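Look for subunit A in each of the two complexes below; its partner is subunit B in the first and subunit C in the second.
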Partner chain A sequence: MTKSFLSILSIFAFSSILYADVSIKSESLQEKTINKQTAWVHAAKVIPGTKIRYVNTISNNGNATAQNLVITNSVPKHMLYVGGSAKCAGVCNITYSLDGKLFDVPSKLFVTENGKKRAAKAAEYKAIRWVVQTLDAKQSSSVQFDATLE
Partner chain B sequence: MKKILGIAFMMLIGFSDAYAVGTVAGTQVQNSVTLNYTVGGISQTAINANDGTGFLVDNAVDFTVANNDGAQISVTPGSTGQITNWTLANTGNAAQYFTLAAINLPNGSTVYGNADTADTSTPYTITYSTDGGATYNPYTGAFQLAIGASVLIRVAADIPLSVTNGQVMNIQLEATATDSGGTALTSTIGPDTIGSVDIVLAEGTGITTEGNTAFDGQFSAWGGYIVQSAALAVTKTSCVISDPVNGTTNPKRIPGAVLRYQIQVANTGTSDATSVTVADLIPSEFGTSAANLDVRTAVCPAISSGVCGAKTGTVETNAGTTGAGTSSVTLDYDGVAAGVTNCGYIEVTIQ
Partner chain C sequence: MRKILFIALGWIVVGITNIHAKGVLAGTEISNFSTLQYEINGVPYTVDSNTIVDKVDQIIDVNVVWNDASPIIVASGEINRVLTFKVTNTGNGNDTFDLAYDITNPSSDFIVTNPRIFIDTNNNGVFDVSTDLPVSSTMLAADAFSTIFLVSDMPTNSYISGSISSNAIEAKSTIGSGAPGTLYPGAGTGGVFAVVGMSGGVSKAWGEYKMSNDLGVKLTKSATHSGSEVSTGTIVSYNIVVELQANGSVGNLIITDAIPAGTTYVAGSLKLDSVSLTDAVDSDSGRFTGTNIEVNLGTATQSLGDPYIKNISFEVMIS
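The block that comes next holds the complex of A and B.
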């Protein structure tokens, strides 16, 4: 009896597989005033100059902590990144890229114009990267940035 | 749809692409994001996501009208087909139809610092150029303007003969965004229509005091005309030069006395007067004694106690006289420039 019970326990113990069921959802939102209150709603009525907020929500429905989550978002074509708008819920490291390949902090991003090197403008960023160290099981978080339609 | 747009673009007009218009209406903008992560130090399969189909860029109807003259156009009373110059630019993100209307502004409307004081004749004639001003075509109704393009517009007006120097006739040119049939556009009401390109009237205010407000699908600019005409004032005086008894010392107007008529022509207007002549019928009391006809480039000399003063100025170039020795005299002042005064002289003898 005791032996049988221990055997069942061991089966349960060894079958408990650690996994992280991570997903990501992207939304494009635009600011709208409703009853004199500002809200971010699904981007729909968009004309040149409209600011869009892109929100990427990451969720971990697994039973293990996901680590080193790297979220890479190219700035969509026709959109211009709004400087300082990239954020995350919690702690993260944000870098930017001028070519979608090499990422760095703004102070280290330069472009050459008319033979002269200058600091890159936010509107010239082509991609944004967030690095979130951990996302615990059954938890969600989000990263976001704003961009303006050309 | 794309083919239709392509054909439409071939039919579009306009000569300039200098106007920034932003992302073209109908463009689909989609966001894509990639997530990489590890579990227990082991890299997992990357996950890609996007924001559904993103969104379609809507039609921001935006355009401007400007008067190009920089000031009222100088006109003379009775002149016809006087042209003011304008530019209509499509700064929206789609090809757009427009209608035009030239409107007489009410008195008091101030353009370029000059308040309206008179009206042009109406209707106006509107023409537009799609080739930078090389040729102008009659405006007959709604026409389409390509993205970023502009047209030069002329509004021609006739100037009434009754207007006077310095009067101002201001006009407004109003462009309205329309459909191909000339019906004014309105913004799509309510929430965005998913998957379609909605209309968003996005033009600025233009001139607001004549009914155009921002986002009403209309844009206006003001220009106008100012009358620049000659204003001639003619003054006739007489004085005595000599008589048979006193000579030139305190002469009296007795038979045999020589009188002088001084006919002063002053141009107080803002335009030069040309071909100025003054005809004078000599009274019968002087017979055909008219003599020493003369026109000079100065004001008429002062008359002191009825006695003539000395002539000043020089004989005006191209001036002339006819009629000496007859009862009908003509003094030809030629041109009298704005702000200039000339004096004509006729001497007669009392019979």
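The block that comes next holds the complex of A and C.
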């Protein structure tokens, strides 16, 4: 009887279907100081010069490891990317784009100004891309960047 | 207008220290979303995030500057003398600013009278007494400005030259003012939050009148002659323009000019503003002394909009 029950369980486990269910949630946060303590809370009072932190949380709700996760976030209109602010919770590869199409590392991003080629400024980045190799089932991770309102 | 006012210290955010004269307009929606691509066992998937929208709140800021290059030279008793100011909405939304004058600066040597505030209705940068309208406030879009005139009369008492009178224009937001960071919920453009900026929602600038009793008389002499060449018998016509260099009065103003050597005065040629004067010493203001022409202009007076200008002319003949 016991042997028969384990056998059924074994069959069920090996025959379970792998399914994909990875979600992404975006939030905008703002720095707030209370009693000299700084915290990032949901953005509420946004005026020119305000720095907003955009956080994208990815959650693997499926039963299989997700691979080659690519998160792309355009810098919102009227916002200027803050150099060096793009990060991820674990290990990732971060690249940037000046047109939202071609992505590369900062040392390979250039603009032409008055006929002269120069390194692109962080505030000129139009999009950010994070590549995360894997996200195990039932796990979450996040990526983020800061931008300042013009 | 009733306003709910409270100060949320925690919200004196970074933005307050980074205010731009020009910023994104209040009420603008800033939206963001991201895209995720991934694989499960080599099968690609794509999913979009939710879209978040943050609405830009309003900064209340204003700047007033005195726009005259230097103190306005005035004389006792003058009326409608003008100080020019520029009021700029340095916030990022529409705002109406109450305007007020201040003529009681303790450092002033004299106090003006009858102060009034006008707006440069025709935007020509100059006070036009019959065109520009009196105002008590000005409504400005973000980054827009108004030219504001403080028009005053000068006291009739005498003051020494160089006496200064400092007078100010103050502009104050009708949305709200106070310590930077003060919040006015729902009071901004389109109902967004309004936040007092670094100006405190109010700005004041001082301008100066400078008393001068040194009016000064300006003489400009020119000559023309008959014929194409100057030789014996040529008639040379001289014209002297007499002007005052400031508003006010000059008494016993007598203009004298010597007849040049080698020339002879043309009898009866002396004129004041094209009206002939006799050469004799009589009831009119001019005479020829034998060596000079002389015109007694008496008291010369100039006021705003009524400049003093006289033309004296006479002729000589080359001997």
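Please note the rule applied: the second predicted complex is superposed on the first by the 136 of 150 C-alpha atoms of A that agree within 3 Å, B and C clash if a C-alpha of one lies under 4 Å from a C-alpha of the other, contacts with A are read in each partner's own complex, and residues count from 1 in each chain.
One rule holds for everything that comes next: contacts are C-beta pairs under 8 Å (C-beta built on N, C-alpha and C of every residue); 3 or more make two chains touch, one makes a residue touch a chain.
Values in this document were obtained by computation on a predicted structure and should not be read as measured data.
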- Three-chain arrangement built on subunit A, subunit B and subunit C clash or fit: clash
- Task: Examine A:Leu102 and indicate which partner it touches, taking first as subunit B and second as subunit C; both and neither are also allowed.
- Result: neither
- Thinking of the overlay built on chain A, is A:Val111 touched by subunit B (first), by subunit C (second), by both, or by neither? neither
- Message: Which partner chains sit in contact with A:Lys51 here, subunit B, subunit C, both or neither? Use first/second/both/neither.
- Response: second
- With the two complexes superposed on chain A, say which partner A:Thr72 touches: subunit B (first), subunit C (second), both, or neither. both
- Using the superposition on chain A described above, determine whether A:Ala119 touches subunit B (first), subunit C (second), both, or neither. neither
- Item | Partner chain in contact with A:Ile34 - subunit B first, subunit C second, else both or neither | second
- Query: When the two structures are overlaid on chain A, which partner does A:Val91 contact: first (subunit B), second (subunit C), both, or neither?
  - Reply: neither
- Query: Which region of subunit B runs into subunit C, 135-143, 243-251, 261-269 or 333-341, after the two models are superposed?
  - Reply: 135-143
- Note on the structure: Footprint intersection on subunit A (subunit B / subunit C) at 18-20, 22-28, 43-49, 52, 54, 56, 58, 62, 64-74, 76-79, 135, 149-150
- subunit A touches which residues of subunit C in the complex? 9-20, 23-24, 28, 30-41, 43, 45, 47-52, 54-59, 92, 183, 193, 195
- Note on the structure: So, in the complex, the side of subunit B touching subunit A is made of residues 21-23, 27, 29-41, 44, 47, 49-51, 54-60, 93, 188, 191-192, 194, 198, 200, 202
- Item | subunit B contact footprint on subunit A (complex, rising order) | 18-20, 22-28, 43-49, 52, 54, 56, 58, 62, 64-74, 76-79, 135, 149-150
- Note on the structure: The answer for subunit A against subunit C in the complex is residues 18-20, 22-28, 30-34, 43-52, 54, 56, 58, 62, 64-74, 76-79, 135, 148-150
